[in-house]
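Naming follows writing order (A, B, C and D), and every chain is counted from residue 1.
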């Protein structure tokens, strides 16, 4: 047991910290000022500039294990993803490490046919295009993946994809070119063998992007929003990912890293809020005393530090487990951080909002948007209730009579 | 002691409930559809239509005691304001009972010179114009009113008003014509005799509306947003409200009813969220069972009902105290509901969001905006920390040695 | 709607407050000093002295509506029971208003045959003897009354009572002479028509008192503890309460007032803790400043006041509902206070403990014992989970499709 | 970074787990049955038997680094102390690792003169006698060590020790022979150089043990209770520990390990409660379904697992920091676990109590006593408020203007 980061990770942390704190965050106002001057769902130019800088620094595709990425383990990547979470609208994309592209690249890498993979993966790895992941549906309780009802049916030399998805994040962006769609391919199959996953280029006839859903009033327009999409289209057979009816297993493979990446970034989001609240507290003087010297505020600071540190350690241990026993072996811990990280972040950010008063809920601080993101992350990829049920059932099995 | 509403109130509740549930709420989609077609800070036409209906029904200026209003006590008005909170962006304005106009009308009624009063009050009572209340400042910790630094200084036959305000809600609206401004008039005066309050018509040269601040990602554009205003203007002496240097006392007089009206509406907001979550729960079936039949959800429902009911009773008792012993005598209770009501609403709304999943944070439900509003109301009119300090000091005084 | 206590209640409140604060509480040390000198389950003599005083003051059997008691409504009795909760081990018994005797007296009054009633009720009303209520069983999940398994079967001219009960509070006391026992009389009957309730004099052959269970480390020995009893005895037919198989209905009738009395006293317990913590805070000076002036402590004080006040209002409204629409009509509110009051009390008492430090958990303050009592009251008469389920189902019914 | 225990630790964990789960816990009923048959403050014989077994197994003095103990690091000892916490009244003493002896042995080892050290340390290391640590005082707010007022003054060839202490745990035991006392030796000295620490054999004339304080009704009689002691005695000069006026520094040195040992054991206490609640849940069937299958209960299980795991990681990291950067370097983390571990344990134990119903608060389960212990541990060695203040000040320093 050893709690120090390796020398390699320490060096990378220093680099990423320098990039995020000294380059990215100071440019956040530029992002804000460029935003109204471009297309409603377009990305400010500053992001392209930052991508060039990150690539030049070698801070590129850090999320991806193996040859095509930086070759880091989850445990090595975790503290870096955390730092990128300090500026979640700019840093992850600048480093080509933003959701849902990271998960999509992993799926294409592992499950796409060579032709389809080479068509899309190099462009994504190069940050030339973006991609979308279409899983959730407006008409059913998608927290239970078994409810997914978009149909994928064989038709000629390929598949018809028919149904409606939403929360297809990024698809409003003009740079978003390809989607991965989960659908029901065998309604009568075994419980976890009913669904398939398939690649759908967004210019396929019959892909209709209807609108975007907002998150607490925020459109996430710089990231391509969250699209509702009507699919009624045909794609060739080689667009299928993995085996037919193996969609559920692919989804599970994808969600493990996806969830831990979110958890990592949530820690960075909380740390950003913590910085803001501590800074502000030294500079505001209600009732004749700096907020920093007031007992209730100090209680929040201590509580925030205790909560952040605990979640960070749980995330790091989960990353280590994923590296050593695999995503399936780490399933309980992945569910645990899926629940714990957003709640911790919401709490810290909420206290930062309270510390900043009216400014805290406004556009003058990133806090309200950080809150909105972290609240959404208690829902996305499965709400708390589903993950807690999984944890509980796993734990209770050990105590079952006769076990 | 008697917990039944009077027959008069029951009749009004029935009327207001019918108006809000059967007229206003069904028209919310019309409001949403009219919004993009008008000026960015303008109010959809549907509101004017509803105002006409409400006036015809006698559901007009219910907030105002005395001859010029409906003549209701706080205790009588409380349950009506609650119902209007079920549709907080439409119902209060439809009934000419929305903040900050209600408080401003009360101030004009009680403290304005007859000339100034008759210039503005009839138009406000008639719903022809709107008004703004400029208190909070961006540069100081305004939770402590003693920090307010905008200067009001005698100059010729009137006063110069010079300084910057923000969170001046409503001022972006083209219908907003007049402001009430709080400023420092005697920096060396006694603690609560340093400030004055003054009427400033918004077309006065030197009134510059700079921008609006958002609440989470919501602009509140249909209500004139929340303006940051640079004041450097002159107004005649008769625009002063009450005595010179009596601003603090006027503010206190205003804030009592203002806070309880917010608390009342927050109960309605929570009830609206409660309705949404219970409805949804009967219609979604994750893991083969309606959400309504799942234990964790039922726990939220019970907890929500318990919390709502407790806050409602505390608000009603506070209203009764204001009627019987006055705002000052009810000061501790006013602080108590100022703290309790927004927290209760936040909790209920958050559980409704969780119940609705992705839809809950989006524009498809009013929940995220209700959350944003209720979160802001833990800050506006004094954050929790200030009100709790007041309550605690009051309580602890009874136990002081020698007391 | 009216929140003032009636003149009659105000006068009684003054009397009871005077008795509890100025007579009972100052004698608590006498109770403690007499306790070790008497039999292990006996009651200190001071209680008899106080009973005489209370009776002389007319503060006797206040709980009982009608001729045989003080004739108060629930709403009138509520604020008096609250005050008695300030010294829960002495004041209720001194005033002949302590559980389980109050509930048992009500049952005997309403459901016993005249012979049996007159045998026991006058002695109980006179405070000469005490009684026990045997409902919960050690071997089953008694939170679900349908699980109750002690058998009541007809045998000759009476009934055999056979089974084991525990948490039969008071039965260790030498003064406890009679019990009311709930048992299964018709296993195949309809869901709520399977049980009967019967009177069992404790000297009946076959009543074996086995031991007492403690609450945290407290034996409640001054109140006859909480006995585990093996019943294998026979009682004559006229000992049956009400109709055969009507035990469930009688239990419901009993539990309504029982639960609200507990809730009332819990408010008094919280107020006692509040007093202790505010007193102490003025007299301890860590880090150079009285605790009373420290922000975190003030936050607890405010929070405690807000929570106490809300629960008090909910309890009062529930009492009013019981008076006006009956126990059944008030069922949801009774469940609500059953959940809310103990939690509120636990929170306030816990903060008082924290304020008193080591003294707080010790015998030097009543706080630890108050905590233990209030924690037990989240379990006794049905745990939170059962009451929340009842509330939720009631609420959700309104939203069911087709309703 | 590496989250696996070393092979050495894994082997020890297996041994300690086997000893605690298969030897100690099954003998808990024997401890209970022996208790009433011995002196009121004496220790049941079973403990001596277990001590012999533990010594024979080499599970002895595991807490002590260096030659005289097991030579383990804090990180190595942490998971072992955790397991001993599963039976906190038996396992730590059986392994000669119980408070306050462990801390006292460390102080004697490091700070006593050779003569005094060899007089007491071998007997303590051998489990022949026990010892007491007298720090807290009944008359002052001891959460602030600067308030400590017992006087240590030079008198002849030694020191007079005069004042009153309480919470001197263990001193009621006939086996407790020696105390370490903290007192004020230089009232005018610098803030942290006013106090001294000194050895006082308990048979010194003028040491009067007055009484014991309880913890939520529990006397902790098997462990020598918590004594209040009047000191008015004289001890020779060589009984001084370390330098004159260095008591504060010695105290800090002692408290680091003391606090982490408590935190470790609290995790074991929580795991024990977790076991009990999961076992029970499979065996009780309210409303026709095992508790283990009910949603609300599952929510507690998941929440408990998430909370336990987070605190465990934070404790382990703190142990690692103490080993690598020293107690001072780990001060913030030590404060963090001092706050977090008892709260986590209280929450888990409380949910276990709720799961067990009436049995949960009674002597039939160890839960109520575990709760009492864990609640006291939020107070002992400094209440939350003091530790949070320390954490907050440390954090806020980084953000101070000009820093």
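The rule is simple: a residue touches a chain if its C-beta (ideal position, glycine included) is under 8 Å from a C-beta of that chain, and two chains touch if they have at least 3 such contacts.
Just so you know, these numbers come straight off a predicted model, no measurement behind them.
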Distance-maximising chain from subunit C - centres being C-alpha averages: A
B-D compared against B-C, more contacting pairs: B-C
Distance between chain centroids, defined by C-alpha means - subunit B, subunit D (Å): 52
Inter-centroid spacing, subunit D versus subunit C (mean Cα positions, whole Å): 37
Interchain centroid distance [CA atoms averaged], subunit B/subunit C, Å: 43
Per-residue overlap in subunit D, given as positions that touch at least 2 other chains: 294-297, 299, 385, 389
Contact set on subunit A toward subunit C in their complex: 294-297, 299
List of subunit B residues in touch with subunit C within their complex: 1-6, 9, 75, 275, 278-279, 281-283, 292, 295, 297-299, 301-303, 305-306, 309-311, 313-314, 316-317, 320-321, 324, 332-333, 335-336, 339-340, 385, 387-393, 395-396, 398-401
Contacting residues of subunit C [partner subunit D, same complex]: 136, 138, 140-144, 146-147, 166-167, 213-219, 226, 284-287, 291, 294, 296-297, 350, 353-354, 357-364, 368-369, 371-372, 375-376, 378-380, 383-386, 389
